[in-house]
Amino acid sequence: MALVAGIAPAWAQTEIRFTLGWKTQGSDAPFLMALSKGYFAEEGLNVTIDQGEGSAATVTRIMGGAYDAGFGDINAIIQNAAQRPGEAPVMVYQLWNRPPFAIVTPKTSGIETPADFAGRTLGGAQGTPTTRLFPVFAELNGIDLASVAQENMAPNLQEPMMIRGDIDGAFVFTITSWFNLIANRQDPANDYNWFQFEDYGMDLYSNGLMVSRALLTDNPEAVAGLVRAVNRATLEIAKDQDAAMEAIMAFDNLVDPELERARLNFALTNLMNAPEVDTIGMGDLVDERLTRSIGIVAKGYGLERLPEASEIFDRSFLPPVEERAFAVEIMN
Amino acid sequence: MTEANRIRMMSFSLIIGFFLLWEVLCIVLNVSDLVLPRPSEIIVTLWTRFPVLWPHILQTLYSTLTGFVLGVIIGVSIGVLIGTSRVAYGVAYPLLVGFSSIPKVAVVPIFVLWFGSGTTPAILTAMVICVFPIVVNIATGLATTEPDLEDVLKTLGASKKEILWNVGLPRTMPYFFASLKVAITLSFVGAVLSETVASNRGIGNVMMTASSNFQVSLVFAGLIVLALMGVALYAFFSFLESRVTGWATRGNDIAIT
Amino acid sequence: MNMTSDISAKAMPTPAPQPAPQPASRSNPVHPRPAIELQDASVVFGSGDKAVTALSPTTLKMERGDFLALVGPSGCGKSTILRLASNLIQPSSGNVLLGGREAAAKELRIGMAFQNPTMLPWLTIEKNVMLPLKIVEPFKRTFQRDRKGAYRDRVHALLEQVGLKDFAGHFPWQLSGGMLQRANLCRALIHDPDLLLLDEPFGALDQFTREELWQILQDLYLDRKPTVLLVTHDLREAGFLARRICVMSARPGRIISDKAVTMPQPRDIGVIYSPDFVEMTQGLRELIAQIRK
C-alpha cells in the first residue's frame, strides 16, 4: 500500500504525545527514527516523545490521560485490562517477541538450576514484571517460594549489590542488566548465569507500541499512521544501525553511542528476532500464545478475571505481512 | 590585606583543600571510580562534556526561574491578603501549613500524571515549593509593621490601601527579599527534583541518565554543576537584597550629630 | 522675636490673638467656631472588671489659632485627649467635635508629631516631609505633577526654616534625634494643617536641643498660626510656648486648672528665667504635686 503522498500541513497534523519505556535506549530506535526521519510527519502526525519511567509505567501514563501512545509492556496491559476493562490501552504493534525477564546470578554463588534458589536471597525492584512473576516461575519449576528470601531495592542498585555479594541474584531485564554489568566491569557472558523466563515455561510477550482507548476510538487513522511509520522504521533499523544511532543521538545527546548501539543489537538479536516473527511478520503475535500469557500473568498477579486476547491486542492496523518482513543484519 | 579579603582567601583555601583531600584519599585508599570518582576525573568529564551539558543547564535555569517568578507572584498576593486581614489569616493559615508540609517528592508524580513529563511539572514543582516561605515572610512583615509608622499616615486620614502601599509594603521589603533568597534555592531544588523523576532535559535528567548507565563521573559532574548554580542564584539575590533594602541594616552606622 | 525680658506678665494686657489668614481654597468658615471641642468626652479601655478609665468625662474648648499646653502627671490622660483630637481613637461617651463637626470629618487638616519622630526609614528626609502632600487633599490631586516642582520647593523652604536645608537628601539613620524631630515638625506642618497636635515631641532630647526647638516651633506657630495642642510634662516648655495651660489630675484624668499665659509673643528664650515666669511654673508645680499625693 502506497504511503500517504507528501507531508500533511501543520494545521492538519494530529498531535500525539508518546512515552518511551525508560530513559533513552538504543532499543527505542524505531520511534526515534520515525521521528527524526519524518515518517510520523508523513502520516500527518505531530509526535512529541518523552522519556519514560518504566515499561509498566507507560500503561499508567496512557491511562492517566497525559499520553496517547507509548512503548511499554503487554503484561502491564493485561494486568490493567483485568482490573479496569475497557480503560486499558491496546497493543497495536508488537516489537519484542521474546521477554527480557530473567534471573541473573553470578557464577560464584553456585546457583546452576532453579532448585538451587532455595534458601538464597534474590533482589528485585518492586512492581517490575520479573519480580512479580517470580511466584509463577517458582511454581512452574518446583521451587518452594517461601524458602527464597526476596529483598526490595531500586533497579540501579541490583548489579552493584550482586557484585558485592549482598544478594545472590537479581530479578532483571536482560537488555538492561547485561549492559549494567559491563558498565560495572563485569563479564556477563562468562561470569554470570541467566535464567531467562522463556526457557523455563514462561514464553510471554513483552514490549510494543500501544495506544490509548480514546485514540483508538476517536482517531483510528492516526493509529494506522503510527503503526505504518513505526513498522517502516523497525524494518530499516534491522539493517541500518548507523541510521538508528543517528536518530538516537539526535534525540538525546547524553547517551553513550557505543553502549546504546550494543543495546540495540542485543534487542534486535535476542528480543525482536524469533522464528515466529519469520512466519507472522514483525508487529503481529499468535493469539493462542497470548492467551497462555494472560493465564500466567493472571496467576502471578492474582487477577480476578481473564481478559480476552482481543482486549489486549488489535491487529487491524497492521500492514499486510509482506510489508512486515523482518530481517536482521548487524553492521560491523 | 584587609580583613574581608583575608577571610575570602581562607574560604577559597578551604574549598581547594577539600578537593585536594578528596583526590588524595581516593588514590591512597584505591577507591573505585564507580563508587567515588576523583575530582580530577570529574573536572575532565565536566570540561569535555560541557557543550552537551550546556542546554541542560539552561533548561534547569529556565524551569527554576519561571517557577520562581510564578511562585513570587502567587506568594506575594496571598501574603498581602493574609497579612492585612485577621480573618483571612485565621482561615487560610492551617491549609497553607498543610500544603507546605507535604514533601514535594510525593507531589511530582502527580504533576507528571496530569501534565506529562518535561517542563510543565518542573515549573509547577518549583512554583509550589517556594510559595510558602514568601507568604509567611510577607504576612509577617505586614502584620508586624510598627503601629507608629502606620499612625503617621492614619492621622492624615489615609485609607487602608494608602497605608498598605506607603508604609506596609515598603516596610516589608527586607522580609520579602530575605525570603527571595530562600525561595530561589527551593525553586531550584523543586525543578531538579521534577527533572530527576520525569524529564527529557535538565541537569536532574542528566544525573538520572548518567546514573542508570553507571557513568558515575558524569553524575558527580552534574552534582558540581548543581552546587555552582545554587550558589550563584543565592548570591545574586543576596546582592539584590543588600542593594534594595540597605536602609534596614544601616541603622547601626554612626549618625551625624 | 527679641522682646526685652523684663516685661511683667501682670502689667501688660494680653495682646489679642489675631485670627490666622485663611488661604482662599479652604472651605472652613472664618467665624469663630471652636477648633476643637470635647463635650463630656471620656475614654474607657476594656470592659467589666477590667475597665480602665483613661479619661474621665472632660469638656474642653479651643479656639482657632489658640496654643494650649496640657500638663499633668503620667497616665493622667493627656495623650488620650490628643488621640481623641486626632481621630486615632473614638470616645467611649460624649462627643469630640473638630471645626464644629464630628471628629470623623476629613476636611479639617491635622498635623501630628509624636515623641518618636518615626521617619519612614526607606525615604529621604525630603520625601518623608513630603508624605502628607501625597495623602491629604487638595495636595493629593496634583501630587504627581507637583512633586518635583512646587511641592519640592515647599519642602525645602520649610526645611530651611528649621535649619535642615542641607540634609534633604539624607536618610533618617544619618541624622541625630534632634534633627529628626525638626524634620518631624516640618512633616507635621507641610500641608498647612488647621490643627497641630504635639505629643511630648521634645521629651527625648537634651536641654540645649529642646530650647532650640522651642524657638523654632514658636517661629513656625507665629508664622502660620495653626491651632496647637501641646501635651508635655515640661512646665517651662508649656510656659514658653503656650497661651493657655491646662493642668490635669491623676488617672482618671480631668482638667482641674485652665489658665491663660499672659506674656506677649514672640517670647525670648531668656524669659524662662524671669521671676514672673518662675513664679508661674512654681505655681503649676505645686498644683501637680498636690494631685500626685
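Chains here go by letter, A, B and C, matching the order in which they are written, and residues are numbered from 1 within each.
Here, a contact is a pair of C-beta atoms (placed from the backbone, for glycine too) under 8 Å apart; a residue touches a chain by one contact, two chains touch by 3 or more.
All values derive from a computational prediction rather than experimental measurement.
J.: Once you draw an edge for every pair of touching chains, what topology comes out, line, ring, star, complete or other?
T.: Shape of the chain contacts: a line, open at both ends.
J.: Name the chain whose C-alpha centroid is most distant from the C-alpha centroid of subunit B.
T.: In terms of C-alpha centroids, the chain at the greatest distance from subunit B is C.
J.: Between subunit B and subunit C, tell me the centre distance in angstrom, where each centre is the average of that chain's C-alpha atoms.
T.: Centre separation, subunit B to subunit C: 50 Å.
J.: List the centre-to-centre spacing of subunit A and subunit C in whole Å, with centres computed as mean CA coordinates.
T.: 87
J.: Could you give the separation in Å between the centres of subunit A and subunit B, each centre being the mean of its C-alpha atoms?
T.: Measuring from centre to centre gives 39 Å for this pair.
J.: Report the residues of subunit C in contact with subunit B in the complex, numbered from low to high.
T.: Its residues touching subunit B are 86-88, 106, 110-112, 114, 116, 118, 120-123, 131-132, 134-136, 167, 170-171, 173-176, 179, 187, 191, 197.
J.: Taking the complex as given, what residues does subunit A use to touch subunit B?
T.: Contact set of subunit A toward subunit B: 17, 19, 22-24, 50-53, 60-61, 64, 66-67, 155-156, 160, 179-180, 183-185, 252-256, 259.
J.: Considering only the defined contacts, which subunit B positions touch subunit C in the complex?
T.: That would be residues 146, 148-149, 151-158, 162, 166-167, 170-171, 173, 245, 247-248, 250-251, 253, 255-257 of subunit B.
J.: Any idea which subunit B residues touch subunit A in the complex?
T.: 34, 52, 56, 112-118, 197-200, 205-206, 208-215
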